[in-house]
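First chain A sits with chain B, and in the next complex the same chain sits with chain C.
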Partner chain A sequence: MPMHRTWPILIAALGLALGLFPLSAFAHLVSTGLGPVYDGFGHFLLSLEDLLPLLALMILGGMHGEVAGRRAMLVLPPVWLLAALVTALAFQAASLPVFVSTLLTIGLGILVSLDRRMPLAGLTVLILFVATLSGQSTGIALAGQAGSVLMILGSTAALFVVATLVPALVLKISSRAPWLRIAMRVFGSWIAGVGLLMLGWQLRG
Partner chain B sequence: MKQKFALLLLAVMACSPAWGHAEAGQVSGFMSGFVHPVSGMDHVLAMVAVGLWGAQLGNPALWLLPVTFPLVMAFGGFLGLIGVPLPATEIGIALSGIMLGLMVATQARPPLWSAIFLVAVFAIFHGHAHGTELPEGASGLTYSIGFVMATGLLHASGIAIGLLQRWPQGKLAVRGLGCMVSLGGAYFLFGALA
Partner chain C sequence: MNTRDGLIRLCIIFNSLFLAQGAIAHELQPGFLQLTESTPHQYDVLWKQPTSLGQPLRLTPVFPTTCKASSAAQSEVLPQSWVWRMRLSCADGLAGQTLSIEGLEAFATDVLLRVEHADGKIETHLIKPVDPSVSLNSAAQARGRWTYLTLGIEHIALGIDHLLFVLGLLLIVGNRWMLIKTISSFTVAHSITLAIATLAKIQLPAAPLNAVIALSILFLAPEVVRVWRGQSSLTIRQPWLVAFLFGLLHGFGFASGLASLGLPHDEIAPALLLFNIGVELGQLAFVVLVIAMQAAFRVLKINWPRWAEMIPAYTLGSLGAMWTIQRVSLLFFR
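Up next is the complex of A and B:
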């Protein structure tokens, strides 16, 4: 089977495997004192374990060019919002393995550092996959909280800011000089390295 | 002026809610992770030497070596964290200083794959030592971010120093630094064996 066809299937299979393997989740909430929308905004920006894989995904989108960057910007926030809302409202008792974000961080960091061109369809499926898992993770963290819907909206606003700025920035700087693209790859290896250490930390307990 | 002062007073008196959050330990985790690789001279020497060697070898080793080292080092850290034993870690770290210093001092130009392999093997030792030394109670994620960033910046320092290569005297200076790294490694090897 050609590689461009196996990518989406592999990603979908991985998503199914992770979704079918529930474990306990760990949640932490941010209180800004400015109401649930800002709490959600702060929660997203301070939840580094959720932010890091999304950051890697945005960098990957930007490295794939304008069309992919726009796709990331337009697909990620709405899918993420939907996943978070559905999880927070309909599946309050749901849980995700703690290392889902970590595995995403490692995988996406490696993809950035490899800088291998993926077909647009494969990248779109990857965005959908990451958005669903990440949104689900936030939905679980915020489920049952007062004003959880507003918090999720605040988080989505923060995500939209990141999803708009990061691919655009990556696109701009990586087109300026080849070494800046290399810097992105180095940054990707750092992200993967952080993920590996986190995995060790989580397995140590 | 009075209007500005009144405006300032008003702004100060109109107390807005503070931006508190319950993410305790994040900053201390980052700082202790950031300081950790810098605090041991045996680690510093090897990491700077990786950057120096990359600068001598030029593209693509210039960036491949500093990409390989943190990634494989993180894998070594992972092994250390989950309790996989690695014998003679301190000796391996000291040998990394000696070998990498020698590579810089002699301006060695092995095939790219073997340079990457050499760096990766030593990175495992460094990572493992860090993994087993990680402090309890620190924020794991921010510690890891600080740790990987500091490692990468040490490589970047090595690359920056390696830019001296452009001048004949600079080339000599870089090779001299390689000698010093090697001697430092020998000192640590003596300490590890004693």
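Up next is the complex of A and C:
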């Protein structure tokens, strides 16, 4: 089977496997004292378990060039917003396995550290998949909170900022000094390492 | 109506609904509660209850149970606050006691608490809606004068109208030198009027001031459109001049977050300095963010469709117009 066809199937299989473990997700809310929009902004930036896989995805997008970087910036925030809003408003009792984010962190960290070229279609499916799961996770955490819609809009604004700056930064760095790609790969291995630590804590209970 | 017009109109409606909150939040001034220990365990209380549209917010200081009023409360109505004065007798003093503001959770405003102890020690707390109570004489909670820095950052973060004006300036300026000149000009201008308003206790009436601030945003929107059309105007050629003139007015707006507190004389200078630094830090963070985003768009080589390019100008225009109408109407139909 050609490589560009195996990626979407692998990703879909991973999604199905994760969906078979309905455990509860952790809620961790940030209070900035500046209202729900800023609370949502802070929630996104300070929730490392949600931020790290998205960060890895954005680095991966930037490492794949302008088109993939643009794809990450333009696809990730709206899909994430939709997933978060639908979950928070229509599926308030929904749950996700606690280790979804952890496995995503490990997997995406490894992809960055390997620096293997992926077809654009595969990367797009990966973006859609991660955005949906991550959005769901935030939707679950914020469901039932006062001002949850505004908090989600604030989180989306933060995501849009990060999804614009990170791929652009990676592209800029890569074009100036190609050897700096190694630094990106090291960063990817750190992300995977953090994911493994988180998995260890979760398995330990 | 074609698709492009439809999308632009949708953006205007969305922006108006989503961002209009900023205007409302910005109207609210912080409350101020001062307790001065004149003789041991006897406190003079000054409570400046903030108002919204002329009505006092339902905020009530809740003193420790060991405290009893030793004089009747006297009230005075000021343009932006209701001032209450009374005397309080606390059998065990206030050290280690908890003080809270009832009803604060319901409002997007803070209360600045200042306690002057008999030994000359001063403690300052910023009481927020998320945690409307403080433990007095607690070194962990008291941030002293740094509270004013926080207040400044909060004031600019919630002052969506000020940030939109800065965004308008950023969209007009053509090069880095002009950018530095324009932002510096805005900073100098609003610092001048912030200082005048606070030190000389000059306050412009809030309603017309807010209306003119809204008008300054509306004024910039057509200029942004002119920039995209390749046209020229005085504002486009010399944006620093417009930044300076409107900056003077915005400074009076910033001052509303500090001048209305009525701080003691010896507290005004450090409070003004830290508050202004807080405002500048918030503004600088916003400017850096916008410039970084513009640079990132260039690196990613994004070819925005025409309607998407127009969104910032329409956002400025629609919100500026809405706030202007809203605030001017408040002058006549309050």
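Worth pointing out:
The criterion applied here is as follows: the second predicted complex is superposed on the first by the 204 of 205 C-alpha atoms of A that agree within 3 Å, B and C clash if a C-alpha of one lies under 4 Å from a C-alpha of the other, contacts with A are read in each partner's own complex, and residues count from 1 in each chain.
To be clear about the criterion, contacts are C-beta pairs under 8 Å (C-beta built on N, C-alpha and C of every residue); 3 or more make two chains touch, one makes a residue touch a chain.
Bear in mind the structure is a predicted one, so any value in this text is a computation, not a measurement.
By the touch criterion defined above, A:V86 lies against neither chain B nor chain C after alignment on the C-alpha atoms of chain A. After superposition on the shared chain, chain A has more residues touched by B, the comparison being chain B against chain C. Touch criterion not met for A:A157: it reaches neither chain B nor chain C.
By the touch criterion defined above, A:I182 reaches chain B but does not reach chain C.
By the document's definition of touching, neither partner reaches A:L120: not chain B, not chain C. Within the superposed three-chain model, A:V75 lies out of touch with both chain B and chain C [touch as defined at top].
In the superposition on chain A, A:L48 contacts chain B only, with no contact to chain C. Contacts of A:L34 after superposition on the shared chain: both chain B and chain C are touched.
Legend: residue contacts after superposition of the two complexes on their common chain; A:A168 is shown touching chain C, with no touch to chain B. Using the contact criterion defined above for the overlaid structures, shared-chain residue A:E66 touches chain C, although it does not reach chain B. In the superposition on chain A, the residues of chain A touched by chain B in one structure and by chain C in the other are 31, 33-34. Listing the residues of chain B that touch chain A in their complex gives 17-23, 26, 63, 66-68, 70-71, 73-75, 77-83, 131, 134, 140-145, 147-149, 151-152. Only residues 18, 21, 25, 108, 110, 128-130, 154, 157-158, 289, 292-293, 295-297, 299-302 of chain C touch chain A when the two sit together in their complex.
Residues 31, 33-35, 37-38, 66, 69-70, 73-74, 153, 161, 164-165, 167-169, 171-172 of chain A are the ones touching chain C in the complex. Residues 28-34, 42, 46, 48-49, 52, 113, 182, 185-186, 189-190, 192-204 of chain A are the ones touching chain B in the complex.
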